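I've put the structures underneath this note.
What follows is a pair of complexes built around subunit A, which joins subunit B in one and subunit C in the other.
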Partner chain A sequence: MLKSQFLRTLLAAALFVSANLVNAAGPIKIGTFLTTTGPASFLGDPELKTLQMIVEDINAKGGLNGRNVELIHYDTGGNAREALNFVKRLIRKDNVDLIVGGTTSGDTLAVIPEVEKESIPLISLAGAVEIIEPARKWVFKVAHTDRMAAAKIFEDLRKRHLTQVALITGDGGFDKSGRAQILKLAPEYGITLVADESYGNKDTDMTTPLTKIRATSAQAIINFGFGQAPAIVTKNIKQLGIGLPVYQSHGVASQTFIDLAGDAAEGVRLPAAALVVAGQLADTDPQKPILLAYKKAYESKHGPVSTFGGHAYDGILIAAEAIKRAGGTDKVKVRDEIEKTQGFIGTAGVFNMTPEDHMGLNLDAFKMVEIHNGAWKIVE
Partner chain B sequence: MLEQIFQFLVTGITVGSIYALVGLGFALIYNASDVVNFAQGEFVMLGAMNAIALLAAGLPLPLAAIAAVLLTTLVGLLLERFAIEPAKGASVVTTIIITIGAAIFLRGVASLLWGKNSLPLPAFSGNEPIDLGGATLLPQSLWILGGTVVLVALVNAFLNRTLLGKALLACSFNRAAAQLAGINVQVMLRLAYGLSAGLGAIAGILVAPITFSSYEAGIMLGLKGFSAAIVGGIGNPMGAVAGGLLLGVLEALGAGLISSGYKDAIAFIFVLMVLFFEPTGLFSHKAAERV
Partner chain C sequence: MRLTGFFIFAASVVLLPVLFPDNYFVTVVGIAAGLHVILAVGLNLLMGYAGQISLGHAAFFGMGAYASAILTTRFSWPSLLAMLAGLWVAGTIAWLLARPILRLRGHYLAMATLGFGIIIHVILVQAAHWTGGPDGLGEIPPLNLLGWTVDGDQQWYGVIAAAMLLSIWLSLNIVDSRIGRALRAVRGSEFAAQMMGIDATRAKTQIFVVSALFAACAGSLFAHQQAFVSPDSFSLMISVELVTMVVLGGMASTFGAACGAIALTLLHEGLVVFEDYEMLIHGALLMAVMIFLPQGLFAGVSQGVRRGWALIASRQRHKG
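Entry: the complex of A and B
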């Protein structure tokens, strides 16, 4: 009788210990909500593939702090309300330790109140400066902002002593946000906007607004947008024989743009992440080996890399480093460690976060590139 | 200023001829069955995407274009056989809804086959702009204008000069009477879908060097082409062309002289006005309704 009592106690103790062991060895759960279908799917698709690739890699190398990483993903389809629902599910049902994601600014901005309320670290992959301005306790981001792109273009204009600029933008969210930043920053750089024209992103001909620009005293043209519209603008500029320098945004920093615009793209300049010109960086550039390694790993599986996949790379690795330094998944500790990220070399640049700056990139993260013989060339 | 207005007009004609070419495709199916085929834009997209894919596969451009038109015609025939024919006897509205479903289906298949990026097709005779006294025009625009003229002439000749074409028209005037007169309505319907798809594909291939193409390119082109057909009087090929050019010029002048932001609004207000005051279109024959 006594013996069986003892055995039972022993069994209970064993169960308790093993349950504890399982708990300690259970996976670290990283949640993500991306736009892998719908109009922004060409952004979310490489992001998800990159996250899966990195998680696989981390697990193959023994995980983080001896624990495997589990990625839990939901597709928002670019619908902000869905994004919020999925984030609630990630937090309450899946009990994730941290969230990486929000492909678009709209998705990210929609979930910020929830993330702040539930006190869980979020690393966004979207562009809008509003995500980190003002700095919120739990929200970080890794993608360049449109304000940085505008500033980089203005710096280059100043170097070329061009002060009269014509602006032409589409009717999408990215276009409008970029336009706002350009209008805001122009006076700081002593630049006068002599035209502010617009078009629809689905239009097939932009010669009408460009004809109006031709009649102004503009010395350069800035076009802010992504997709096929900037390529049509570039072709129309050539068609109309407007021989002015043309600046595009980081939204078209992909081979697709060169393919679409053809020889009209020659001489077009734009700010782009170093990933686009990885092979041309100086060998001393600390980013170079990282960019080439990511490019090789991604391209061996999925085809050409994009800067958007690069943002996912930066996001999840910053998270992984923070979890390692925090020695666990305590949310407050992980958050503090993300904020202390210093000298992290990612695909978008070198990250130095502070309590005031939850992105930590400076203008050097952008390279000014020019299209030359159908390929990118750094002009610094 | 005068030079600017001249450029707006040239732009308007360029864009308008694209609308006209797409609008033309709506006429045939409407003539055969009174149905507005909302998958017409997808035929345009399929033509362009097929040509781009075949070109990438190594075929020379003319061969790729011809093969793309044939492939798209086949898609049109299959669509008729497996989506429209099973709903024989359904009302016009039901059939229109089926074509909307078909459009969504074709878009989905295209996104799976060719991805979601826009793709270019090289211009047929270079990209050097042609200078017309201050206004410039791409050589491809001449191809589009020329293609429109040739296709309109062919469609008109087919409908009015050949027995087959007259049989097709007869189906639209009175289906039952046509059947009693020995016309096989079923075959006519297949013919209409096949031809429309082929016509759409030609339009797609002609405009793709200017507009590019992607899996969703058919939505906007289809909508504008449909507006062109409505303005001109749907079912009348010449009307679709006139309607398209009118829309294009209005858009360009509106965007140039008023504001780029109101471009689409101006075009659609114009379409609404036409529907208010001339519900059958500007160029349609006034059909006397039998009692």
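Entry: the complex of A and C
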């Protein structure tokens, strides 16, 4: 009796010690919280697949600084409350070294106070400019901002000498944030907004606001949104016979949009990351080999590549480079190294971060593309 | 004697962080559970005792949260004052709403409260100028109680645990007071209650306001604790979840509601590891509880324990 108890204690002690030993040289833990279900799942799904693919790849090549990388993922379903709960869990329960994620701006903005308080680097994959403005110590992002998208659209409008524009947006976070940027930037580009209509993202018909737009003196229509709604707007524009040029946001830069909108998508222009037109880039473009390599790797395993998966690619590789340079997972060092990211060629463009700019992309990172015969075409 | 259960519960709430100071399930999940308990106990007063259903309770939760969030960030009000303002707003709206809405019964009352909840949610999303829209409001300053700033998980656990115990104590007392008995009479038969001289409308109105105040108070604490609010936290789903907590724990029992709130919070946290199957298991468990413990979790389990105890006692007697 006594002996067995002694043995048991010994066994427990041995387990405890070995568990501690494993911990010392344990894996580098990267946490992520993405929207892999719900309306924004078409953003989160390729992001998660990309992260898993890259982590596998890093581990196959011997890990980072000789340590394996472990990816811990939770699905937020696009709910900001869940996002915050999961980030707390990542930080306190899973003890992650760094967080990549936040598919949507809402999810990211919800967790910012928490990551700032707990001092842990966060690389967001979401769009809103508020994430990095003002620059916060621990928060970085790799996706183009909605302000850049607005600026790119306005540049194109200026080239085509169109000044009277109608705006139509949904009621989601991405839509509202994009609308705010468009309203703010329009005067700088000498653009007059002659209509500012809205719809619900779950609506199945947008002809009512579009009929109002038809009655204005608009020379072009801008629609800012993602998911089903922009495809319906595009279809309705065609059905109503409004022959104006249509601009969409980078939120629809995926094959799904073309499939959903069908014929109506012809001639629609939008700012998009170079990834969707990788094959059409000049051979001298430094991004080209990286884009094609990612595209090939992703498409050999999953379906067609999307720019959103590209953001995950950029995010995790910037993190990996920073961990390599920091020589470990010390959070302050890793943060400093992320901030020092210079000339990193990713799928979204070339990143040059500074203490003031925690994204580091400029307008060149966007290409203005037009949908032509059901495919993307660069218009420069 | 009446409060024995309360003291046992209070003692375990106090002991938990002492025994497991940095445990995730105590300091993070515990805080969420505590807020849910306040909400469920408040809703139970209305649903369990007065027999009035509310599918819009998240709206009052949201009012408290947004009042604190907006007043402290945009107008730099002191947090305690903002909380009182939130209580006032929620209480006034509940009072104004109670008369027309509590005339309705059954499905109609459910529909009306549901509509109210949705209206408030739409306002939170659309009035972006004030509420920050769907992306929410961030950088809410920490709670300041007469010079003491609440900071860190453990302090928050303390504050929320205190608020939770206070709400349970209040609820236990309300239930055992004249108004509590009046409410139960109203629930049994409104007509009979009126025949006995109970002002049913007044009783229902009062409890609706009290219930809204509980929710608004939880909302204010929630806003400061999270330092961020967005309409997601006050949607219809949350209202439904609150009703589930009350029903799951056992209606017309303060500890039942508290038990349901804690059980549902823990369940959600525990099932996260199953990823895609989470919802499936979640639903199956809820169904199982409702089929096998129709009185609710608390009554079912305590009954089981009592029966088990009686069985053991009788066996002991046989032996002796």
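Quick note on the criterion: the second predicted complex is superposed on the first by the 355 of 380 C-alpha atoms of A that agree within 3 Å, B and C clash if a C-alpha of one lies under 4 Å from a C-alpha of the other, contacts with A are read in each partner's own complex, and residues count from 1 in each chain.
In this text, a contact is a pair of C-beta atoms (placed from the backbone, for glycine too) under 8 Å apart; a residue touches a chain by one contact, two chains touch by 3 or more.
These numbers come from a predicted model, not from an experiment.
When the two complexes are overlaid on subunit A, subunit B and subunit C sit side by side with no clash. Contacts of A:317 after superposition on the shared chain: neither subunit B nor subunit C is touched. When the two complexes are overlaid on their common chain A, residue A:215 makes contact with subunit B while staying clear of subunit C. After overlaying the two complexes on the shared chain, residue contacts for A:113 are found with subunit C alone; subunit B is out of touch. When the two complexes are overlaid on their common chain A, residue A:41 makes contact with subunit B while staying clear of subunit C.
Within the superposed three-chain model, A:253 lies out of touch with both subunit B and subunit C [touch as defined at top]. Closest contact between subunit B and subunit C, by C-alpha atoms in the overlaid model: 10 Å.
Once both structures are placed on chain A, subunit A residues 171 are touched by subunit B and, in the other complex, by subunit C.
Subunit A contributes residues 74-75, 79-82, 84-86, 88-89, 92-93, 105-106, 109-114, 117, 128, 130, 171-173, 176-177 to its touches with subunit C in the complex.
Note for the complex: subunit B touches subunit A at residues 4, 7-8, 11, 14-15, 18, 116-120, 122, 127, 129, 131, 136-138, 207, 210-212, 214, 219-221, 252, 255-256, 260-261, 263-264. Residues of subunit C touching subunit A in their complex: 24, 27-28, 32, 125-126, 128, 133-136, 138-140, 153, 226-228, 230, 232-233, 269, 272, 275. By the touch criterion stated above, subunit A contacts subunit B in their complex at residues 41-42, 45, 171, 197-200, 202-205, 207-209, 211-212, 215, 227-228, 231-232, 235, 238-241, 256, 259-260, 262-264.
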